[in-house]
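After this come two complexes, each holding chain A, first together with chain B and then together with chain C.
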Partner chain A sequence: MSSTHPIGTPVQDPALPADTLLSVRNLQTHFFSREGTVKAVDGVTFDVKQGEILGIAGESGCGKSVTSQSIMRILPKNAKIVGGEILYNHQGQVIDLTAVDPNGRVIRAIRGKEISMIFQEPMSAFSPVHTIGNQIIETIRIHQPMSKAEAREQAIEMLHRVGMPNPGRNIDQYTFNLSGGMRQRAMVALALSCRPKLLIADEPTTAVDVTIQAQILKLLREIQADLGMAIIMITHDLGVIAELTDRVMIMYLGKEVEYGSVENLFHRPKHPYTRGLLASIPKMAPGRIEIEPIEGSVPSPYALPTGCKFHPRCRDFMRGVCEVSEPPLIPIAPGHEVSCYLYGGREERA
Partner chain B sequence: MTAPTIPLGKAGNSNERAIISVRNLVKYFPIEAGFLRRQVGLVKAVDDVSFDLIEGETLALVGESGCGKTTTSRCVIQALKPTAGQVLFQMDGTPAVDLTQLDKKALKVARRNIRMIYQDPYSSLNPRMTLLQIIGEPLVINRAVKGRAELEERVAELLRMVRLDPGAMNRYPHAFSGGQRQRIAIARALSLSPKVVIADEAVSALDVSVQAQILNLLKELQKELGLTYLFVAHNLAVVKYAADRVAVMYAGKIVETAETEALYITPKHPYTEALLSAAPNPDPDTRNRPRIVLTGDVADAGNLPSGCAFHPRCQYAQDRCRQETPELVNVANAGEPAHLSACHFAKELELVGIVVTAAEARNV
Partner chain C sequence: MLPFIAKRLLLMVPTLLIISVVGFIIIQAPPGDFVSSYVAALQKQGDVIDPELITGLRARFGLDQPLHIQYWRWVSNFAQGNLGYSMSLRQPVADIILERLPFSVTISLLSLILVYVIGIPVGILSATRQYSLADYTATIISFLGVATPSFLLALVMLWLLFVWTGNAQLGLYSMEMQNAPFSLAKMLDLLNHIWLPALIVGIGGTAGLIRTMRANLLDELPKPYVTVARARGVGPTKLLYKYPLRIAINPVISTVGYTLPDLIEGEVLVSLVLGLPTLAPILLRALLQQDMWLASSVIMIQAILVLIGTLLSDILLAIVDPRIRGSV
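The block that comes next holds the complex of A and B.
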């Protein structure tokens, strides 16, 4: 295995501002199978600043989870990063995570320590045959020189922080001893055990009840304020996005359709897809509020539409424009970008 | 247990008729242990539930996992045999029948009028059957059509009803997206022209843009065909849009039931208040609203707390709540539609519903 950038050797052009923790540039991750190639992520660009919460939202098949798997380099075997850069700011040195060996020393020093992840299903993070304490202690000791007793102290402290009712006892329990909400908390404790700089949360509240969801969101908010880490929140639930995030990227079929502050996205949505999504969710507000669905359904990833991927479902479809070429991502206000010909970008077409 | 003395429908409106009346429904599952499978306990999945389903309305059963909403719906259609209680079904001009007492043959006839739609259209449709077979199966089994031509005609009509192309009736489910599959499941449920449709989390597995399509389709079909829906769901925003009345369940009991708007704006049970408060709102301006975050987990139906099952998580709980199980009683003011709550302090507490609108929050 050829390990390219060992930690300590920065990439050639470390053009990352000091407050930018992660910069994903034109990322392309494709899946290869007998049926053909699926461009699961096809040219996605975004930054994560130190301590901010970025939301990535979209419907199934939009590539939001594959984006996070690309960052962590935990893609399935038939998937490959075919283009772009994932620049990670490692204590002032910029490392391109797309160029490192997915099983090598560099990514293992970052994954689980500096960037960690929580999932929809806590049982995918834990082994059922080891106590949660042993798994947290193991993770701590892989990344930090520490005695077992010290690591145990730190694990108990983390379990306490995530609101486990009895950390001293919970640390010696197995996952089957814990309820769904408690497992979710234990997984957060595991992910935070090495005090990561970035936490990637992939649909962490999708499988839990609404009262537990409220607990987990509150916990993430508190811990984020407490430890100052950045969070990438990946979800299909725009309610969760509105509750938690600072900035949002909306994805559709592997493409970034809109990117902006949470206020801009919810109060001044520009892309017809973003507007359609917001119009199609029932609201928790008094009175009868009609909902308007988006027509049609997400097309098969093997037979993608030409031009703008959303054009077959778009109300503002412009014949001769939208189906011909893909709209570029263009800035329409400071920090607000949209990829739609309604807002320009036509003159740049070939 | 005493039967409720007031009608559980929209109170006082005599032209409204219950098509299904559930009375004191109980469903216990035994907990067995050891080699001899001795019974060591009971899971009280549904414990004394009563409600009326009024003809033409949508009644939602909401609650968190394990609250008994799905078990209740399965007992209504007799997919599960209730431990006790009655499910009275009354069609136009016929005397009410208790579904729990019917034999297999009579139940089959009654079930033509009560059909179900399930959550996951990927597992509820047989992948080896064509749409014609899937949608036509209930028609064939119940001998509702004569001959292939009539069958195809009826299936085509049903496909048009759910806004699918009748030309697709010889294709298999794999050729359809999740939303289209749910339309197929709806067409199958409607094939025998039922009066009542039980939708068990029918839109929960769908993407939001498609979920809206199915919700609107269900509403349109209700208008066209005069259907009555029992809508089982956990998503409060979806329920707010879909339902005329809501029954909130917790630990096997209905804790509150009222017309949708009243329940959301002036909840009368602390659990409903907490559910409404916890539901994420797609508006960043409301994120700093005061919020009730319940501690702990949903009560274990195999080991229920004493008194009111919600008391260990209730911020208003007092000694009485730990000892005495509250009855579901009407707490509405005289002349107003029924608003039932099973809370000792329903009349005293000033609970907060979804009063904060986005515009209001911005003005604060």
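The block that comes next holds the complex of A and C.
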């Protein structure tokens, strides 16, 4: 996280530190429809270092998936990146992904090869009328000049690596032949088939049951250690965040509310929303289970609250402050930032 | 696959039996028989008919037998390839069908090709450029195409062509070619005439297919596997043709079988209007004169063609869709 680039200030220097793979700066992605504009992502800034695992967490609709779709430039037709930069360190050369043609050669050479993605629903992520091998081999051959036989070898090898029971046979199977866990493994193999530098996992464990969820997380951790790629883990499940990631960004209604190491966030949460999320994880107390839900519900994206987006649900709401203007993201400890007036930032208001 | 085809072929036998019974009963449903309508026609011209001649005729054609015996005689002969004798045209039914069936089949096949060659690309265009001028144009034309009865279209086209060229585009050959021996020139002359009925018969189906293709593709385009393919770096052409189109086209292939009866039915009306030497006018005439051997046989031949078409489309579907292949 570059605290030198707080929200709103333009990026002066497009160069990235060598260890930074991806730098998203003040990203704004909006959806346009007849009902109005939805600011799905409205000023999000974060860095991904080579080989690290970053978690992005928040409730559904907070803009975490749209963030990943913006990076891949696979947004739906009615969505548009209206501001910010997505700087990608492409072999020492910095490319602003927001500036490339979403159907052009540059992004197509990056998709699947440099940055790849695991999706929530493995069943629908594969074409039902093509074998999984067909799709893996296709991906390999788009990005690497090799014969079908060589690509097939590589695909089988990758299926083996993700723990498919019988890679030589599985490669010629269709998704409807596979169990849920196998499908998600195949999805991982597909995403990793070109050994990407960055893997974006968008709710990879949401559609599978708990035992398979644990297996998939274990697999991701092993493969990350093995291949050394960076991972952006997008989830609403704080358990997954705690288990897998190094650093976390918490999002609420398209805004970044808190950002820091997993340790800081879980042991020293600052933002009332982060605290609320943590409190809403069921805890086993002697004799009973305690759950403390966050009051209220997520407001309609067409009628966002003024000021801090969380203020109508906030326990520490300060009248005359929070609903007036948006709190900036301020550093409160090295590598720990929060966007809340409880921790200052009022003097910065004009 | 082979057991599936064998099963389907076996299933055709009871299907055809049912069609033959129903068809035979319906043909026999109007009061009287061929002899009575023949006699009525003669009497209209003032002839006096000897009642013994009538009984004689009935006995000769077997029309004095009970209905189930008549049916059995016809169906058992039909199964052995003996299609019987046309009482009204006084020639073997097989000869009549052999002479006219090729034209019917050619018109139907040409329309079928036309339906797919026009319907699929226009449907794709309509879906990929949704709400564009091209899409709206295709939509309006296809609505008109679905809503216009083929016989009306045939009349309008006939009139338009007459106004424009001064020729009545009737029949399948020009006057001078009508009785000419078979040659390349005659073939070209046939092609020059046959496109019109093929076009008219195919227009309803084409319009329907444009709608189906557009809807199917619009259903598939936003599906996750397309996004995933995009996220893998697949280029725009393959992104359309290899994935969503491949799946959107499955229901289109499976409905080839259902399109056939429509085409045959359309061909009947269009042939009557344009005066084509196909099976259709013969069937109508046979029904009016209660020439039951001819009518029943024509209906059976058409039923067999439809069943074969349906089977072919099912086989095709099993080939392109592994989900279906797995379950047959």
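Convention: the second predicted complex is superposed on the first by the 329 of 350 C-alpha atoms of A that agree within 3 Å, B and C clash if a C-alpha of one lies under 4 Å from a C-alpha of the other, contacts with A are read in each partner's own complex, and residues count from 1 in each chain.
The rule is short, and it goes like this: a contact is a pair of C-beta atoms (placed from the backbone, for glycine too) under 8 Å apart; a residue touches a chain by one contact, two chains touch by 3 or more.
This structure is a prediction, so every number in the text was calculated from the model and none was measured.
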**Request:** Classify the contacts of A:Met72 with the two partner chains as first (chain B alone), second (chain C alone), both, or neither.
**Result:** second
**Request:** Quick one: classify A:Glu121 as touching chain B (first), chain C (second), both or neither.
**Result:** second
**Message:** As a test of reading the superposition: which chain, chain B or chain C, is in touch with more residues of chain A?
**Reply:** B
**Message:** Quick check on the superposed pair: does A:Ile330 touch chain B, chain C, both, or neither? Answer first, second, both or neither.
**Reply:** neither
**Request:** Check the residue A:Met146 against both partner chains and state whether it touches chain B (first), chain C (second), both, or neither.
**Result:** neither
**Request:** State whether A:Glu138 touches chain B only (first), chain C only (second), both chains, or neither.
**Result:** second
**Prompt:** Is A:Ala99 touching the first partner chain B, the second partner chain C, both, or neither of them?
**Reply:** neither
**Item:** First, second, both or neither for A:Val129, with chain B first and chain C second
**Value:** second
**Request:** Could you please specify the touching residues of chain B with respect to chain A in the complex?
**Result:** 64-65, 177-180, 207-213, 215-216, 234-238, 240-242, 261, 264-265, 274-287, 291, 293-295, 297-298, 354-355, 357-358
**Fill in**
Given the complex, residues on chain C that touch chain A span 222-225, 227-236, 242-243, 246-247, 250, 320-323, 326
**Prompt:** Which residues of chain A touch chain B in their complex?
**Reply:** 59-60, 179-182, 209-215, 217-218, 236-244, 262-263, 266-267, 276-287, 289, 291-295, 297-298
**Asked** Which positions of chain A touch chain C when the two form their complex?
**Response** 72, 74, 76, 103, 108-113, 116-117, 119, 121, 124-131, 135, 138-139, 142-143, 174, 176-177, 190
